[in-house]
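Both complexes below contain chain A, partnered by chain B and then by chain C.
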Partner chain A sequence: MLASFDWDVIQRSLPYLFREGMTFTVTLTVLAMFFGIILGTLLAMMRLSSFKPLAVAAGGYVNLMRSVPLVLVIFWFYFLVPYIGAWILRQNEPIKVGAFLSSVVTFTLFEAAYYCEIMRAGIQSIPRGQVWAGYALGLNYWQTMGNVVLPQAFRNMMPVLLTQTIILFQDTSLVYVLSITDFLGAASKIAQRDGRLVEMYLFVAVVYFIISYFLSYLVKRLQLRIAVPGKL
Partner chain B sequence: MKYNWNWGIFWQPAADGSGTWLHYLLVGVVWTLGTALAAWLIALAAGSVLGVMRTTPSKWAVRFGNAYVEFFRNVPLLVQMFLWFFVLPELLPTAIGDWIKQMPPPWSAYLPAVLCLGFYTAARVAEQVRAGIQSLPRGQMMAGTAVGFTLPQAYRYVILPQAYRIILPPLTSEFLNIIKNSSIALTIGLLELTARARAMSEFTFQVFEAFTAATVLYLLINIVVVFGMRWVERRLAVPGLIAVGGAPQAGH
Partner chain C sequence: MAMIEMKNVSKWYGTFQVLTNCTTSVDKGEVVVVCGPSGSGKSTLIKCVNALEPFQKGDVLVDGVSVADPKTDLPKLRSRVGMVFQHFELFPHMSVTDNLALAQIKVLGRSRGEATARGMKYLDRVGLKEHAHKYPGQLSGGQQQRVAIARGLSMDPIAMLFDEPTSALDPEMINEVLDVMVQLAQEGMTMMVVTHEMGFARKVANRVIFMDRGEIVEDAKKDDFFGKPRSERAVQFLSKILHH
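Coming up: the complex of A and B.
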C-alpha cells in the first residue's frame, strides 16, 4: 500500500514549504515572542501593583485570554483589528489589515497572557528584601524593577519562557483557520492541489517534531546550566 | 465607526432551521462538552497508565512512556488532528479505512477529534501523574512493599490515592485545556461552539455578537468547571496530607 504514495511531492515542494511557509511561521513566532514577553512583563507588573484598579484590569485581561480557545481569539482579532486600526487612525471605515499584521497582533496579545503568568511567578520568586534594598538605596520603582528584580526574574524563568515559546511556535499553525500560508498552510495547499494529504501531513508532523524536540533539548540543557546546585 | 449592533439576532431563526441562533450556539456547547468529556476519559485512562509506567523500575516501560510524551508534545495539536482525520484512514487496512471514511457526519469528525484530543491530553496527564508520584517521599513505596504489598498493590493502595489528590489542581487545568482545545476540531468539520459562532457570523454578519456569545459561554463553562473541581478537592481532601505547591509551567 505504501507503494502508492508519492514521496517526490515533498522534494518538489521543499522550496515553497520552507521559503514561504516556514519563514512566515518563524517570523510570526519571533515577533509574537518579543512583543508578547514585553507586554506580558508589563501585565505582570500591573497584576502585582498595589494600585488596585491596575491589578484588577490586568488580572481580568489575563483570565479572559486564558479562558477562551486560541481559535476563537484568532477569529476575534481578525475582525476586530480593522476596527481598532480605524479607531487609532481616526477613520470612519474599518481599515484593511494584512493577514500577517493581524496574526502578529493576535498572537502577541494572546501569548502575553501566558507570559504574564510566568513573569509574575518570576517576580514573586525574588525575595521582597531585594525590593526594599533597592528603595533604601534611593532607586525608584522603575529603577528597582529594571536593575534589580527583572534581570533576576528573567534569569530564573528563562527555561519556562522558552518552553512557552516552543508552544507558541506550534500554536502558530492555527493561523491555518484564516487560510494563511504558514508552514502547515503551505503544506496543506500542496496536499490539496496534488491530492497528497498523507505524504504532506506526515512530513509536516516530522518537521515540527524535529524542530520542537531539538529546541526542548536546548532548553533542558540551559536549565541544567543555570540551575544553582542546592537551590530550588 | 460603523458597525450595526443587533443583539436581537439571537432570537431570530438560525440558517439551519433548527431554532433560534441562541439555540444553535447552545447545541455547539453540547458538542464541545461531549467531545471534551469523551476525550477526557481516554486522556485520564491512558495518561494514568503512561504516568505510572514512567515511575516503574522497568526500563522499557519508562522509555516507552517518555517516547510517547515526547512525540505528542512536540507535534502541534492541529497537525495531530489532520493525522487522525486525513492520514490514519489511509494507513489502516482498506476495509477499516473505508469504514471510517464512510461514517455519517458528524461522527466522521467526532471520532477522530475525540481520539486526537484524548491521546494528546494523555501525554500531558501522564506528565502530571509522573510528577505527582515522584513528589511523594520514597519511603511511601518502601513502606508499601515492606508491609507485603506487591508492586501493583503498593501503587493502588499507597501511591496513587495520594498522587491523584496532589495533582487535582493541574488536572483541572488540563480538563479546561481539553475543552478549549476541542475548538481545533472545527478544522475537520466538527460543529462545536467556536465553529458555530463562526458560522453564525458568516450567515448573519453579526460578527461581534456571535463571538461575544461564544466567549461568554466559554467563560461560563470555565467557571462551572473550576467551582465543581474545588468542590471535588474539598470532598477528597485528607486532613494532614499537605498539598505540594506547583512550580510555574508553560502551557495552554
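Coming up: the complex of A and C.
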C-alpha cells in the first residue's frame, strides 16, 4: 500500500508550505502570545482587584471564553468584527478586516482568558509580605506590581505560559476554517489539488509533532536556567 | 513631639474585633517595644501605622499627617517610615544592591548611582558590604534581615517599624540583628518594635506597650513595666517569657 504513496509531493511543495504557511502560523502564534499575555495579565489583575465590578467583569469574560469552542470564537470574530467595526465607526458598510488581523484579534482575546488564569495563579503564589514590603517602601500599586509581584509571577509561571503557547501554536491550525493559508491550510490546499491527502496530512502531523516536542524540551531546559540563585 | 500618634484605633475582621480603642504615641527619638501573647494584635497594630492594614475607627498621625485621610498621599507617607518584617521580605529576584536601590529610585527619584552609593553606605553599616552582588536566597536569615534594615534606612526614614524582626531567625542569628537595632536605637532613631526579646527591651526601650486581645493593657516606662507591672495579664505574660 505504501508503494502507491507519492512522497515527492511533499518535497515539491516545501517552499510553499514553509514560506507561506509556516510563516503565517508562527507570526500568528508569536503575536497572539505577546498580546495575549499582556491582556491576560491585566485580566488577572482585574480578577484579583478588591474593586468588585472589575473582578466580576474580568471573571465573566474569562469564564465565557473558556466555555465556548475556539472554532466558534473564530467564526464570531471573523463574521462579526466587520459589523461591529462599522457600528463603532458609524459606517453603513461593514468594514474590511483582513483574515490576518481578524485571527490575531481572535487568538489574542481567546488565549488571554487562559493566560489570565495562569497569571492569576502566579500572582497569588507571591506571598502577601512581598506586596507589603513594596507598599511599605512607598511604591504604589503599579510600581509594586511591575517591579515586585509580576517579575516573580512571570518567572514562576514561565513554564506554564510557554506550555500554553505550545497549545496555542497547535490551535492556530483552526484558522484553516477561514480558508487562511496557515501551515495546515497550505498543506490542505496542495493535498486537494494533487489528490495526496494522506501524504500531506501525515507530513503536517510530523512537523507539528517535531516542533511541539522540541519546544517542550526547551521549556524544561529553560526551567532549570531561570531558577533564581539560591532558590530552588 | 510625637512622631507617631495612634488615636482610638479599632479594627474588625468581619464581626471579629482585632483592635479595640488603641491609643498611644511614639516621640521623636523614642524606642517603644510592643509585646504580648500571640494573637494579641501587636502585628496588626504596627501595620496600622503605615496603613498596610486598614482600620475602621480612629486615626493614626505620622509626623502630623493622617493615615486614614483619603486625601493623604499614602505612598509618600509610607516612604518616610521604614519597615522590617518577620520574614524579611527582600525581593528574591533582585540582587542586594537592587533591593536597596529600587524604592530610592522609583519613589525618591534618586539616580541609580546615588541610590547605589547610599545603599552601600547602609549595607556597610550592617556589616554586609561584601555581599552586595548576591541574591537574598544566597544569604542566611540574619544577613537577610540586616539587608532589610539597610533597605529601610536607605530611604532616610523619620521612624522605623519592626514587626517581630527576630521571630523567624535561628537562635544563633538573633543577636546579629539585635545588635544592629540596638546601635540604631542608641543613635536616636525613632523606633516602634514588636518583639518578644525582653533583653532588647530592657537595654534600649523607653517605653513598653503590653497588648492582649486587641487592647493596649499597659503602656508604661520600661522600668515601671519590668519592675511593677500593674495588670495581672502582664504579670502572667512576663512570668511566662522571663523564667525559663
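The criterion applied here is as follows: the second predicted complex is superposed on the first by the 218 of 232 C-alpha atoms of A that agree within 3 Å, B and C clash if a C-alpha of one lies under 4 Å from a C-alpha of the other, contacts with A are read in each partner's own complex, and residues count from 1 in each chain.
By our rule, a contact is a pair of C-beta atoms (placed from the backbone, for glycine too) under 8 Å apart; a residue touches a chain by one contact, two chains touch by 3 or more.
For clarity, every value in this text was computed on a predicted model and none was experimentally measured.
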item	value
Broader residue contact with chain A after superposition on the shared chain, chain B or chain C	B
Partner chain in contact with A:147 - chain B first, chain C second, else both or neither	second
Contacts of A:195 with chain B and chain C, given as first, second, both or neither	neither
Partner chain(s) touched by A:155 [first = chain B, second = chain C, both, neither]	second
Touching partner for A:137 - first (chain B), second (chain C), both, neither	second
Which of chain B and chain C A:98 touches, first, second, both or neither	neither
First, second, both or neither for A:60, with chain B first and chain C second	neither
Contacting residues of chain A [partner chain B, same complex]	1, 64, 67-72, 75-76, 79-80, 83, 86-87, 92-94, 114, 117-118, 121-122, 157, 160-161, 163-164, 166-167, 170-171, 173-174, 176-177, 184, 188, 197-198, 201-202, 204-205, 208-209, 212-213, 216
Residue numbers on chain B that touch chain A, as the complex places them	1-3, 70-71, 73-80, 82-83, 86-87, 90-91, 94, 176, 180-184, 186-187, 194, 197-198, 201, 207-208, 211, 214-215, 218-219, 222, 247-252
Of all residues in chain C, those that touch chain A in their complex	47, 50, 52, 75-76, 78-83, 85-87, 89-93, 102-103, 106-108, 134-139, 151-152, 155, 161
Touch list for chain A against partner chain C, complex	127, 129-130, 132-133, 135-140, 143, 147-148, 151-152, 155, 228-231
